[in-house]
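First the structure, in the form of structure tokens, and then the observations on it.
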Amino acid sequence: MFYHVKELQYNAKPSKPDAVYAKKLQEILGGQYGEMTVMMQYLFQGWNCRAENKYKDMIMDIATEEIAHVEMIANMIAQLLDGAPANDQEQAAKDPAVEAVLGGMNPQHAIVNGLGAQPNDSVGYPWSARYTVGSGNLLADFRANLNAESQGRLQVCRLYEMTTDPGVRDMLSFLIARDKMHQNQWMAAIEELERTQDAVVPSTFNPQHEKQEVAYTFYSFSEGTESQQGSWANGPTMDGKGTFEYIQNPEPMGQIPNLKPGPPFIHGTPPTNLKNGEQSPPQ
Amino acid sequence: MFYHVKELQYNAKPSKPDAVYAKKLQEILGGQYGEMTVMMQYLFQGWNCRAENKYKDMIMDIATEEIAHVEMIANMIAQLLDGAPANDQEQAAKDPAVEAVLGGMNPQHAIVNGLGAQPNDSVGYPWSARYTVGSGNLLADFRANLNAESQGRLQVCRLYEMTTDPGVRDMLSFLIARDKMHQNQWMAAIEELERTQDAVVPSTFNPQHEKQEVAYTFYSFSEGTESQQGSWANGPTMDGKGTFEYIQNPEPMGQIPNLKPGPPFIHGTPPTNLKNGEQSPPQ
Amino acid sequence: MFYHVKELQYNAKPSKPDAVYAKKLQEILGGQYGEMTVMMQYLFQGWNCRAENKYKDMIMDIATEEIAHVEMIANMIAQLLDGAPANDQEQAAKDPAVEAVLGGMNPQHAIVNGLGAQPNDSVGYPWSARYTVGSGNLLADFRANLNAESQGRLQVCRLYEMTTDPGVRDMLSFLIARDKMHQNQWMAAIEELERTQDAVVPSTFNPQHEKQEVAYTFYSFSEGTESQQGSWANGPTMDGKGTFEYIQNPEPMGQIPNLKPGPPFIHGTPPTNLKNGEQSPPQ
Amino acid sequence: MFYHVKELQYNAKPSKPDAVYAKKLQEILGGQYGEMTVMMQYLFQGWNCRAENKYKDMIMDIATEEIAHVEMIANMIAQLLDGAPANDQEQAAKDPAVEAVLGGMNPQHAIVNGLGAQPNDSVGYPWSARYTVGSGNLLADFRANLNAESQGRLQVCRLYEMTTDPGVRDMLSFLIARDKMHQNQWMAAIEELERTQDAVVPSTFNPQHEKQEVAYTFYSFSEGTESQQGSWANGPTMDGKGTFEYIQNPEPMGQIPNLKPGPPFIHGTPPTNLKNGEQSPPQ
Amino acid sequence: MFYHVKELQYNAKPSKPDAVYAKKLQEILGGQYGEMTVMMQYLFQGWNCRAENKYKDMIMDIATEEIAHVEMIANMIAQLLDGAPANDQEQAAKDPAVEAVLGGMNPQHAIVNGLGAQPNDSVGYPWSARYTVGSGNLLADFRANLNAESQGRLQVCRLYEMTTDPGVRDMLSFLIARDKMHQNQWMAAIEELERTQDAVVPSTFNPQHEKQEVAYTFYSFSEGTESQQGSWANGPTMDGKGTFEYIQNPEPMGQIPNLKPGPPFIHGTPPTNLKNGEQSPPQ
Amino acid sequence: MFYHVKELQYNAKPSKPDAVYAKKLQEILGGQYGEMTVMMQYLFQGWNCRAENKYKDMIMDIATEEIAHVEMIANMIAQLLDGAPANDQEQAAKDPAVEAVLGGMNPQHAIVNGLGAQPNDSVGYPWSARYTVGSGNLLADFRANLNAESQGRLQVCRLYEMTTDPGVRDMLSFLIARDKMHQNQWMAAIEELERTQDAVVPSTFNPQHEKQEVAYTFYSFSEGTESQQGSWANGPTMDGKGTFEYIQNPEPMGQIPNLKPGPPFIHGTPPTNLKNGEQSPPQ
């Protein structure tokens, strides 16, 4: 169960309205790697957690914090929209400043949301639950989380560079620091899990059911051998159980596929080797 | 530019048709973490790559292999659908075996695809480009790739456990081995990148613009302190630049949000503190 | 900012696993009118609220409760999935009970979510932010909320009838009661708002800009006059400002549309009144 | 069955082209609350109607009118696009007027639709059937309809304020009036239904299966008591069967959730309480 | 503007309920090539038509008929759902007939739609406006229409084979005949248009701006030469302006792509050729 | 299995960056009829092909070429984005050229993709697998392919007209020529198939199960008779088996639909013919 307090986790006050930037800021609210994604991803991972309680507790802690991040950004966007102009295009064309705002802002911010934040990304695409993952295997999911925090912090940093508003930058500097913490946190949790199981997910699959001959082979399917120069093509593998092998000219190992014609009730392509003018009979 | 050879990379021959399993197998073809996702994700990362050529070459190698994986699974699904029955429900109800197939198979496999594979997941949801990521920052993207291969191998292992068909299992044992290689590969590449830059993405953001006070703090937003027992709450941080701090009772640091009323042309909520019967005037 | 306590708002314990029912229960978790929808809808309405604080506070209260409802249902679904079988189809066909589960359950619950809840509806379609609305006009939005709680309670009641599990029914009886409260709440708030403004949203639009002649007219576009028998076709209108008028045979009031040919750079249909064999020249 | 006449229901003639406004106008054509939504929502409600014929007839009347509204707006948009420029960006940068149009218009209007309307909203997102609802319970659905007409009229009014074109405004003034009629109509129908059944949907659920103790309780999950000041927290409830109760500090009533580990074939998180270096065995 | 009559265009009466078949029938209602698609596609093509009036009139005729087809199928589905059971899974497991229905029906038909048709396809995916096309070039669009009617009739024929219900088959036999008419109609219209313009769309593009050297060349990118045996690789081309040429071993004609590093504010991959331990400086 | 060479199929080098045009160019990369669509559509048609090998080989040839087209366009877009400005809106407003770029470019190109191409269309909507079709009936699918190449070439021609960059135009002139070839190719293959089967898809359906009376009838559902002037309303039908018939005033042939009330557990609309104040009892 959850409780709410009225104060935001951190300040979210722009120095002045900027409807065009509000549109861009939607990316870290409702985008693929926005705060809604980590909020919902962590909540479901926590609720579905079947491992030790310290993991469930930790996931729920950070999930609950993420709701507060969504709250901060939503509030910021609403304020950035405060001064959005309503003027029609004709008048706007005369005033470059107005026109710049009208041309660059998201029209739904005015028409649909009445100058409020929306649960969408910076091109107006709605947040989708397919952005999240909760597999029930914590090592797999913590890698998803580390990725989400990496992509997320990268996007916040890019947005920081795109504004000079000190109020906006103040809030972003907070989010950038929290994303650093969260990257550190998931890296620590991953390292902890890798100490008690294999680094390859899932570690519990019977290795006898795996085709070992191709488990450590790098296949070069492109011309050239530049890809041979990396640590992925030489030396011991990261799971400590093999050695990387580099194959310059991989050969296919499988059959030439050949599908049977479908049954009559499917009405697939009728036999095509008839002579000109000869009709295939109805089946 | 690309070339095609007729042979599959590895065998993809089921022992017998199984239309219900064909539906499930769609998950690793067109699902969020199916082969279409890694194929398209790696292709775009390779095409957009602005780093050293050895990375671009390596990414294109594996991307090209993934097209062959999509090909194998599509071929397998088409064969699993070979014996799908067409009978109507009434007849099916009399024959439990037929009914089991009809009730459990994806109806589109017959109606839409004529007993062919479809670019969708196991519940028929179409593959979406929002599953992929290519940020232009290789460390961020390699973490996305490691996650994709981890979730992907987990799903293939689960599908392996759900069948006893030796032909299907043979193909899956190949994919499980390749996904082990790919996890090893991305881990190796990540380690290589982390040797020349910070582990926190992006490493190039000016730290003076980041709120350092909260960059290594674990906030407990839930009751209880079980989350304090992990390596994410104590000791040195993973980037080697700080020490994890645990805050039991975090306090808000921000303002109580208070938005201004919208302008008249937005037609938001009119003033509500009027007396009963007193109408707010049209604006 | 938000806090979390470990206890659920109300009990969520099934008497025994039921993977098929788990699939159906997803509807009120991640469906169009599931708890995720009201949770996100109310959160955004609260964060964007520009009206009196008592409204914002009330909306945030109920929004925070809805997070707890999502939590309860997610937890219930995970437990309903506890006994999901892994057996392959061949074995299942021999055991009708196993087969019934395998045929009717959502395959992603095992393959993707590892026996956990997913943020999707009962056919596996992911939750979408386009389910929500926050217009910045409270009367409009409270009508959306009343609709959401009406559709939601209807669905929970239908799901109640589809199970006999006393633990599941206990949780649903709680949700059904809360949805009754929420319908009452939004009706009360709507009545309160309608006392200080017109019943027609938005009440602030200048009536001189509205075509009054057609503002209270019921047009019958179907044969027959059964639609004349309702209160929508006779007597005073609900806004107290007019009288319903019934038009049996409505006539069009507009022009016959006639669009100009497109410019050459659009490459629309070339002129088609050429004689046989005469070619339209390249533009 | 349906018939078509060539005349539009009302005039739809802009005074001059305006490709930027055409993009915005798409919101009330193919948006979440655009005319396509009410058209399809009412058609399906009418076709699925199992109640008295007067309701079915009335719903079909208005549904048929809505097709004509879609027609008007589509026609208007095509005309607004008449003068869209093709010039390239370089030339446009020299002419602010051209540039304003090119920067602000929807590129698909030219590339995909050849200067025609598209069934999408103002950010180009395609209309989705998940916008509609038809539950088979008329009271629930009429509330959905009242909401749709309220959001819809609000959006049309906002669009009216964003243009000064008298032809566009003329058409919008017609739609604004019709939406007033439709709000009145659904309010009248709702009142009529509420006279013969409970106001809470569904009215037919057995109240003994509902947890009465929490059916009229307002829980304050936020700090502060501003939410206590509304009619939703005091006095008789809207269904006339209870009294609103206000709970300042709600306590959880449920269990602390604790999920069992998953079975081996799911390959969830392996036991994590192993000592450093000790591996969990493959299952 | 449109009018409605109460009678269906053709009978739509099943002999008995069949909830499982109702789910399948959704494919031709709300699927990619269902009746909703041709209805909306033709309506928008008609409304956007900038060519001669006889085309606009013809398109509107068939569009109006398609609304009636949607109406028939929706009505059929509602009747097929009439006898859907509500029993829970436990009871169903004892009665194979009930269980077969419960396991195979779409749960939303009961939970969401109250035994009514829904605007979705046979796996419950909502109809999307991206299924339609209206390009403003009639030859292009008539090819889209011919494709839609071909895929559509194929699906209806497959559904005909999947039932023995004489009432359902009667309605399908009507739709199959109408789809034959519509294929004939679009073929006739295409032939008519091709008589006055080139067969290649668009016919109005300046051929000097087209790289003629590759305009009639078949490239074999696969091993083997089986693809050389078709009429696409030999003889005169279909536009009557060239001769098909077959290239066995195509060579790339373009550059090796090489992208510049991104600017600092993008925070792409930092230079990776640093020595071990040497950090790239923050930018 | 597939191989990759580093060179592009044809040159893809812009003369200078143009971030606004990059956004538009996305339409033919990840749009409904972009290169990703034909690439995936042909790959799946090839993999699922159950007809003669020469068809499978031909489809795979062109599918493999389409991957190279996606590669070219992705590369072009990345270069067009090279000079995208990061400046904030305030500075941009002072420099019209910068502002024109910032207002018109896709914000995700910078924030999400780090100046790389994305698998989306020109309004940022992600590519969806529902764009593709593979029915298992080659005549149906070749019509889909002819449509895709027609819409695709039309869009490329429009994009050609929207730029003056010689490098971009050079690449587009290549794609325009290849799309001419592909239209010719599918037309040839269609003609070849129509020589051995009926022109109406599917040709194998038993004509006795089709309602012949309406198989060649053109119904005029609109006022007026302009639609009678086309070749679709007079003369022999295209399948050579009938004569077009024109019906000016079509009459309905079906029943007036009348659905039974739903069962109690569905909680549909309760009986509405009760007197004022009389309540329907709970069921």
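Note that the chains take the letters A, B, C, D, E and F in the order they are written out, and that residue 1 is the start of every chain.
We adopt the following convention: contacts are C-beta pairs under 8 Å (C-beta built on N, C-alpha and C of every residue); 3 or more make two chains touch, one makes a residue touch a chain.
Just so we're clear, the structure is a prediction, and the values are computed from it rather than from any experiment.
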| item | value |
| --- | --- |
| Intersection of contact partners for chain C and chain F | A, B, D, E |
| B-C compared against B-D, more contacting pairs | B-C |
| Angle of the C-alpha superposing rotation, chain B to chain E, to the nearest 5 degrees | 120 |
| Rounded Å distance between chain E and chain F, as computed from the means of their C-alpha atoms | 8 |
| Separation of mean Cα positions, chain F and chain A [Å, integer] | 27 |
| Set of chain E residues in contact with two or more other chains | 1-9, 32-33, 47-48, 50, 55, 57, 60-61, 64, 75, 78, 86, 96, 103-104, 110, 112, 114-115, 123-126, 128, 130, 133, 135-137, 139, 154, 157-158, 161-162, 192, 202, 205, 221-222, 224, 252, 254, 257, 259-260, 262, 265-268 |
| Pairwise touch network: line, ring, star, complete, or other | complete |
| Residue ranges of chain E in contact with chain D within the complex | 1-5, 7-9, 30, 36, 40, 43-44, 47-48, 50, 57, 60-61, 63-64, 67-68, 70-71, 74-75, 78, 112-120, 126-130, 132-137 |
| Touching residues (chain side chain B, partner chain C) in the complex | 18, 20-21, 23-24, 27, 31-33, 96-97, 100, 103-104, 121-125, 154-155, 158-159, 161-165, 221-224, 252, 254, 257, 259-262, 264, 266-280, 282-283 |
| Chain F partner contacts - residues on chain D that touch it in the complex | 1-6, 47-52, 55, 86-93, 96, 99, 102-104, 106-108, 110-112, 114, 123-126, 136-139, 192-193, 195-198, 202-207 |
| Residues of chain B that touch chain D when the two form their complex | 154, 157-158, 161-162, 265-267 |
| Contact set on chain E toward chain F in their complex | 5-13, 32-33, 53-58, 60-62, 64-65, 72, 75, 78-79, 82, 86, 110, 114-115, 125, 128, 130-131, 133, 135, 137, 139-140, 143-144, 146-147, 150-151, 153-154, 157, 160, 169, 173-174, 176-178, 180-181, 183-189, 191-192, 199-202, 205, 209-222, 224, 226-227, 229-233, 237-239, 242, 244, 252-257, 259-260, 262-263, 265-268 |
